Each structure stands twice: as C-alpha cells, then as structure tokens.
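Following are the structures in question.
The same subunit A turns up in both complexes below, where it pairs with subunit B and then with subunit C.
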Partner chain A sequence: MRARAAEILVPLAVLAAFLGTWEYAAAAGWLRPIRFPPPSRLAGSFVDLAFHGFPEGITIWVHAAITVQRILAGHALALALAIPLGLLIGSHALLDRMTAPVVAFCRSVATLSLLPLALVWFGTGEGAKIFLIGYGCFWVMLSATIAAVKLVDPVLIRAARTMDTGGWAIFLRVVLPATLPRLLSGARIALGVGFMVIVGAEMIGTIRGLGSLIMEARTFYRTDITMVGMLCIGAFGLAAMAALEWLEARLVPWQARAEAQTR
Partner chain B sequence: MAAAIEISGLAKSFAHDPGPPVLGAVDLGIEENEFVVLLGRSGCGKTTLLNLVAGLETPSAGRILVGGTPVTGPGGGKGMVFQQGALFPWLTARRNIAFAARNRGVASAEADRLADELLALVGLAGAGHKYPFELSGGMQQRVAIARALALDPKILLMDEPFGALDEITRNEMQDELLRVWAQRRKTVVFVTHSIWEGLILADRILVMAPRPGRFVLERRIDLPRPRRRSDPALIALYDEIWACLRGDA
Partner chain C sequence: MTRLERHAGTIGVVAFLLLWETAARLGWRNPAIMPAPSEAALAALTTIPPGVLAAHVATSLGRVLAGFALGAAAGVALGIAAGWYRPVALVCRPVVEILRPIPPLAWIPVAIVWFGLGEPSKIFVIFLGTFFPVFTAAARGMASIPPVILRAARSMDVDGLRLLAKVAVPAAMPDIATGLRIGFGLGFGVLVAAELIAAERGMGHLVMEARQLGQLGISVFGIFLIGIVNLVADHQLAAAIRRTVGRWHRF
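Take a look at the complex of A and B:
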C-alpha cells in the first residue's frame, strides 16, 4: 500500500520540483522567456488556445481532434493491411525468407524522408498525411505480425492435431489466439510510431492539426505554443497507450495476468 | 483379438539428417490395456517413435496398426500428453478439456459436463475456471491428461509427461496416473528416461538404444501395484536396466 502511494507521489513531487525550478529560473532572469517560456506562461497559452485558438478561431481542441483522426485513420488502415499480410507471410517459411529483406529495408526507410514523395503522389490534402502515418505503422505492424506467427509454440499445433483439428480450424482456433497478445502489443507500438510521425506529416499543406500548430507557431516565434502543442501530443500519446494497455488486459487476460505474476 | 498397437519393420530417417537412421526396423506389439514404458537416453528416438504412432510423423518404412487399422494421420482417438503440457494458454482448464471433446462431435453442454467429470477424476474438481498459468506444473499435467482422456482415446501416448516436475510431485503424479488408469483402462505407451518411473508404472519396459533406434532389452513386470521401491525384484531389475543403459553410451 505504501509502495503504491510512493509510486504515484514520488514522480509527482519530482515533476512539481522541476516545474517550480523552471518557473523560478525564468522569474529570476536566468532563462529567457522567449526561449524557455515558464510553466505559468504555458498555462496561460493553453487557456488562450482553448478559447481563442491559433490561428485565431482554430482552438486546440480542433487541432487535437484532427490530429487524432489522422493518426487513427492511418493506424487503422495500416493494421487492416498488415495483419492479414503478416499472418500469410508468417505461416509460409519460404514466403517469409523471400520477403524478410524487403520488410527490413522498408522499415528502415525513415518515414518522413518519404514526405516529398507523398506530396507528389497524394497532393497536399489528407491523403499524404494518412499515407505517411500508415506507412510508419504498417511496417512495424507487419514485422510484429510475422514474428507473432513464427513464435507460436509448435507443440500447441501438434497437440491440436492429435485432437482432430486441422487446416483452417488450426489457424482460427490455435494460431490466431496464440498470436493475439503479440498482435496487440504490435498495434500499441505502431500507434506510438503514428504519434512520432504526425508532426512531420502535418508540416505541409494544412493549418489544422497539432503538427501544423507547432510549425505555425515557429513562424511567429511563439515557443510557448510549440511547447503546448508538444505537450498535447505527448498527453494524447500517453492516453492512447493507456487505453490500449487496458484493452489488452481485457482481451488477453491469460497474458496480462501471466505477466503480472512474473513481475 | 487384434493387438492394440502393432508395429512392424518401422524405420524413420529425417531429410537433411545424415548418419544412421533415427529408427531402424522396429517391431513391437502392444496388447489392449497394456502399460508399456519406453526407456532410453536422450536422442534415441523415443519421441520420434511416439510421434509416428500418433500420426504426427510419417514412417520411412514399415507400418503401424492401431486397433487393426493403419495409422494415416493424427486424431481419431490417439491421445497424446506432451512433456510441456501443451495446454492452450488462452483457455481455462475446463475449456482446454472441452476443446478435445468438442472436436470429436460432443455437444457443447455435454463437453462441459465431461470436462468437469474428468477434472474431478484427475483431482482438480473446482479448478476448471483457472487458466494454465494459474496452475502448478503438476496440475497442468493433470489437465493435460484429462484433455487426452476427453478424446475417449483407444490409446494414450505420453512423452515424458512428468519430466519437468520435481521428484516429489513426480512421484505423486505417478500414483495419480495409476489411479486414473485403474479407473479408465487404456493402452498406454509412456516415454521416460527415469528407470524408477518405468519400474513403478510399467507392465512391460522396453529399453532403447540410439542410431539406429532399436529395442535392446525387454522386461515384463508382473508385480501388483502400488509397488514399493524397496522391492528386491524391482531393485534387481533396476540394476539390469542400468547396466544395459550404461553399456550403450
């Protein structure tokens, strides 16, 4: 019980000390507010963004909603393609050997280096942004899915075969449930990639979205807005991870509880 | 009456595996409800032989009859218990057992009832809602045995089922297995590399030697069960089997 309380209180205390020092350093003149706007200034900017917006009329809620929509669309699209393809590749050793270099190659290409190409292919509208997020998520999810299938314990499949299970039934009733925990953690990691890619994907051709908010603010030397935007992305990323972890605990109780036990 | 298992001229080599065959030409007949123990050092082909009987591997030569019919693949009442239990981690103990019953066409409600009955048989009444990770190694093997029994198998193939357990649990499980076997008579082929385990359990012990895998010693044990480790007849057999195993190094 006391350990649990400490687990929450200690990080909070560290955070408060950090913000307090920062605030004091700015007030004492050690930090230039234009470079390091103090926490009180950020809070003010946040309120301003929440009611008036930046550019005028586009509130932080609008930015956030659009960003979250883009991430979710790109992520969902990536999962819809990567999971079936990964299950297929993972189940066929030859196919896996043939595609492994391609997957490693494409995964290594930094997603944002594709930005110029994405603009040529999809224009400056939503398409390019969703493509970039989707690209980042896709390869992560594809490798996670392939690995998940290859890591299914073969003794489970042999056991199922001794119980009059074969072909599709093995796939549906053994391979799928056995891969589920790794698919879910793959989806979580892919979503994290989506959050990492978003700012770059929103750099061009839009004034809506947290990424464009951050870039716009730079033009006006509004470091405070850039920081509020960053913090928002971080907060949404944190919330999304927590939501997916919660979902994992519900969907794969055997895994979550097994892990909790070994902790 | 036909033998429960009839193996003749059975040989097995794996592709990309040079050297002598994993199994030479092996002959073996097992009677109905007989408890046969295969004993031998690691790598002498015990698992391969069991997999062949289960239909999980195909022979390079020879044939296997189970209940008079040739083995063409797994399933069809050839129950198997693996060393690691091989329970499905996403299913509760009850669902694991019902999985086996459902696949041979038992209706859902009946499968659940059968699962509870078998859980009680292996001494796990009331643990049906638990997931495998919530069970100790010994309890997992009890569930695995119950799951194999849910197939209503003609033969039960057990591949070092207690090999991963500590000695105390292992001895308990041997007693448990004999108790269950007394209630549900089955033809059992049990693989182990523990001589004492073989002596406690078997109607007949077959000692195997490697490359080519073959039987080098066969002993029938007609002593009543439960057997005592201090029984002079068992101790004499132990010495004989140990001498034989040591010789094939």
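Take a look at the complex of A and C:
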C-alpha cells in the first residue's frame, strides 16, 4: 500500500517541483516570459482560450472539435479502404509479393511532403487535410491488415476445413476473428499517425483547428497560447489512444490476456 | 519458387508506374494537376542541375542525422538510466509522460521562438521526434529483461556497472534497436514538415517551392526522392543494427 502511494505521490511532487522552478525562474527574470511563459500565465491563457478564444471568438473547444473531426474523417476513410484491400492482398501470396515494394515505398514517403499535391488537388479547404490524414493512416493500416492476415495460424484454417467449412465461412468465422486483434492495434497506431499529421496539415490555409492555433499564436508572439495548444493536442491524443485501448480490451479480451501472459 | 514469384516485386513496381503513367496521360491530361512519372522525372532532371539536387539531399540528410544522433544518444542514455535506477525513473517519467503525447510537429512554433528560424530549430524538432520513441523503448527494454539472466550474472559475482554494461544493456538491445528505427522514421517525417515551413534548402523545401512556381512535376519528383532516401537510410540503419546487435540476437 505504501509503495503504491509513493508511486503516485513522487511523480506529482516531481511535476510540482518542475513547475515551481519554472515559475520562480520566470518571476526572477532568468527566463524571458515571451520564450518561456510561466505556468501561472499558461493557466490564465487556458481560461482565456476557453471563454474568449483566439483568434477572437474561436474558443479552444471549437479548435479541438474541428481537429478531432478532421482526424476522425481521415482515419475512417483510410480504414474503410485499407481493411478490405489489406484482406485481399494478405490472402493472396502472389498479390502480396507484387505489392510489397509499392506498399513499403508509399509508407516511407513522408506524408507531409504530399502537402503541395494535396493543395493542388483539393484546394486549401477540408479536403486537403482529410486527404493527408487519410494517406498517413491508410498505409499504416494496410500493412497492419496484410500482416494480420498472413499471421493467421494455418492450423486454424486447416482445422476449419476438416470440419467441412467452406471458403466464405472460413473467411467470416475463422480469418476475420483471428485478424481482429491486429486490426484493432493497427487502427490505434494509425490514429496516432493521424495526430502527428494533423498539426502539419493545419499549418497552412486555415485559422481553425489546434494546429493552426499554435501557428497563429506564434505569429502574434503569444508563446503562452502555443504552449496551451500543444498540451491540448497531447491530451486529446492521449485520450483517443486510451479510448481505443479500452475498446480493444472490450472487443478482444482474449488478446489482452495472452499479451499479459507473455510479458 | 517459380520465375513469376521471384520477380513479382519488380512486376508490381512496373505495373504501378505504368498504371499511373497511363492514368495521368489518358485521364486528366493536365500535367499541372497530375503529372505522369516520366514527365515528373524529365521536368526535374532538365531544370535542376544535379549538383543542386545533391545539395538538397545532403542538407536534408545532414539535418536528420544531426537530430537523430542527438535524440538517439539522449534517448538511449536516459532510457537505460530510467530503466535501471529507480530514482532516475521517478524523476524522468512524469515529465516525459506529459511531453510525449505532444506531436513533434507541434513543437515547431516553440522551436522557432526558442532557436530562431535557422538550423538549430529544425534539429531540435527532429531531436524530439527521435528522443521519445527511443527513450520509451530503452526504458521498456531494461524493464523487461528476464530476471533469471540478472540473477545468474549476480551469482557469478558480476555486479554494479559491469552488470549494467555487460549483461543488462545487451539484453535490452533488441528493444533499443526497434526504438531507434521507429525514432529514425519519425525524425525523417518531421524533417520534411520542418523544411516545408521555413528553409532555403532541403528536399521538403524543393517540394514546396516547386508548387509555388507551378511545377508540380518537380514536386512529384521531390516526393519520390524523399521516399527513396528514407527507404535507403532505413535499410542502412537496419543493416548497421544487424551487424552490431545481431551478434547477440536474431531478428
């Protein structure tokens, strides 16, 4: 019991000490507040952002809602395309061999380098942002799906065959459930990629969204707002990850147990 | 393995390029919107002297290597320390766990405020992209060393720093290696974004500048270049890891 309390208290104390030192250093004039706005100022900026917004009228909730909406749209689109395609490629060895180099290459193209193409194709509106997020998520999800199908234990499929289960039934009742855990963890990694890409995607051609908030704030030398925006993106990313992990534990409880055992 | 299977990868790549080429030529016809691969390569190679192209690649690689080296060194050192010495973990963890979920790109504005528009701000952002995955992987690798190994070493009177250097760190190497590769990939992705926003050179700048000049073909060429350089660099890193860590572990 005592050890558990220490586990929680020590990190809190460390954080308090960290923030305290920062606050003191700013108050004593060692850190210039324009570069390192003290924590008290950040708290004030957060309240300001929550009620008045920046730029005037667009509160942090609006920014966050737009960012989350863009990520979810791109993520959903990527999953809808990548899962069927991945299942198809993964279950045909020749197709897999043929597409492997293309998939590897497209994955290693930095998503944000497509920004110029996205702007030409979709303009500066929502389309370009959703395309970029979709691209980043798509290749991650596609490789995860292909790997998931290839890693299905062949014994399971043979066992099902001996019980006279036919093609579609094997796919629906054996392959799909067996791939589900990997598909879910692929979806989680893809969402993480979405959160990475969104910041870059929102840096151009918009004043709404957390990514544009932090860039806008910099041009007005409001480092405090930039920092609040960064922390918000981090918090939302963490929350989204936790939600998907919770979903994973609910949907495929056997996987979580198996992982715990191998650890 | 039949002949078809052996060359399947090559066939796939050729088919992909041909498909794109025909789609671009028949479908849109407007190279300003969707240049064909041949047009892209031609546009880039005829308008940009090879020396300039090489300079772009070299600049980008220099940045990513500097940021990666710093991030990997800090991540490995701190991660090992945090995984081995409990007090270090108690101090490092809370701060790292709060900063880790912030996407590296979100640091760009702050990096500019702290370091200005020059090289240090870009290297700093790449450093962050590399540091967090490497730190997490190293700490996790240290934490998941089978206790049997450590007990066996202790029973043979290996202790203290020698235990750390000769037994624990090699045992954690596979995790550290994975972290390094993830960190490199992230650092590379971050580099391009950093170069899109403010740079006079580098592959990201090449891609962005070409768009502003309306030469989408060069943009497409630049995107290909980024993909190829990333792929080659990742292969080199993987080979280096196999040469060093591969002595103890199979991957």
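The rule we apply is simple: the second predicted complex is superposed on the first by the 250 of 263 C-alpha atoms of A that agree within 3 Å, B and C clash if a C-alpha of one lies under 4 Å from a C-alpha of the other, contacts with A are read in each partner's own complex, and residues count from 1 in each chain.
As a convention for this text, a residue touches a chain if its C-beta (ideal position, glycine included) is under 8 Å from a C-beta of that chain, and two chains touch if they have at least 3 such contacts.
Keep in mind it's a predicted model, so treat the numbers as computed, not measured.
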Fit or clash - subunit C, subunit B, common subunit A: fit
Partner chain(s) touched by A:A242 [first = subunit B, second = subunit C, both, neither]: neither
First (subunit B), second (subunit C), both or neither touched by A:M163: first
Touched partner set for A:V155, first subunit B, second subunit C, both or neither: first
Partner chain in contact with A:V102 - subunit B first, subunit C second, else both or neither: second
Touched partner set for A:L180, first subunit B, second subunit C, both or neither: first
Comparison of subunit B and subunit C by subunit A residues contacted: C
Partner chain in contact with A:V252 - subunit B first, subunit C second, else both or neither: first
Vertex subunit A angle, Cα centres of subunit C and subunit B, expressed to the nearest 10 degrees: 90
Subunit B versus subunit C as contact partner of A:L112, first or second or both or neither: second
Nearest Cα pair across subunit B and subunit C, whole Å: 7
Shared contact residues on subunit A - subunit B and subunit C: none
Contact footprint of subunit B on subunit A as seen in their complex: 153, 155-156, 158-159, 161-166, 173-174, 177-178, 180, 252-255, 257-258, 261
Residue ranges of subunit C touching subunit A (in the complex, touch as defined): 4-5, 8-13, 15-16, 32-34, 90-91, 93-95, 98-110, 112-114, 144, 185-186, 188-189, 191-193, 196-197, 203-204, 207-208, 210-211, 216, 219-220, 222-224, 226-228, 230-231, 234
Complex interface listing, subunit A residues touching subunit C: 10-12, 14-15, 18, 34-35, 93-94, 97-102, 104-106, 108-117, 119-121, 195-196, 198-200, 203, 211, 214-215, 217-218, 221, 223, 226-227, 229-231, 233-235, 237-238, 241, 263
Sites on subunit B touched by subunit A in the complex: 51, 54, 56, 73-76, 78-80, 82, 84, 86, 88-90, 99-100, 103-104, 131-134, 147-148, 151
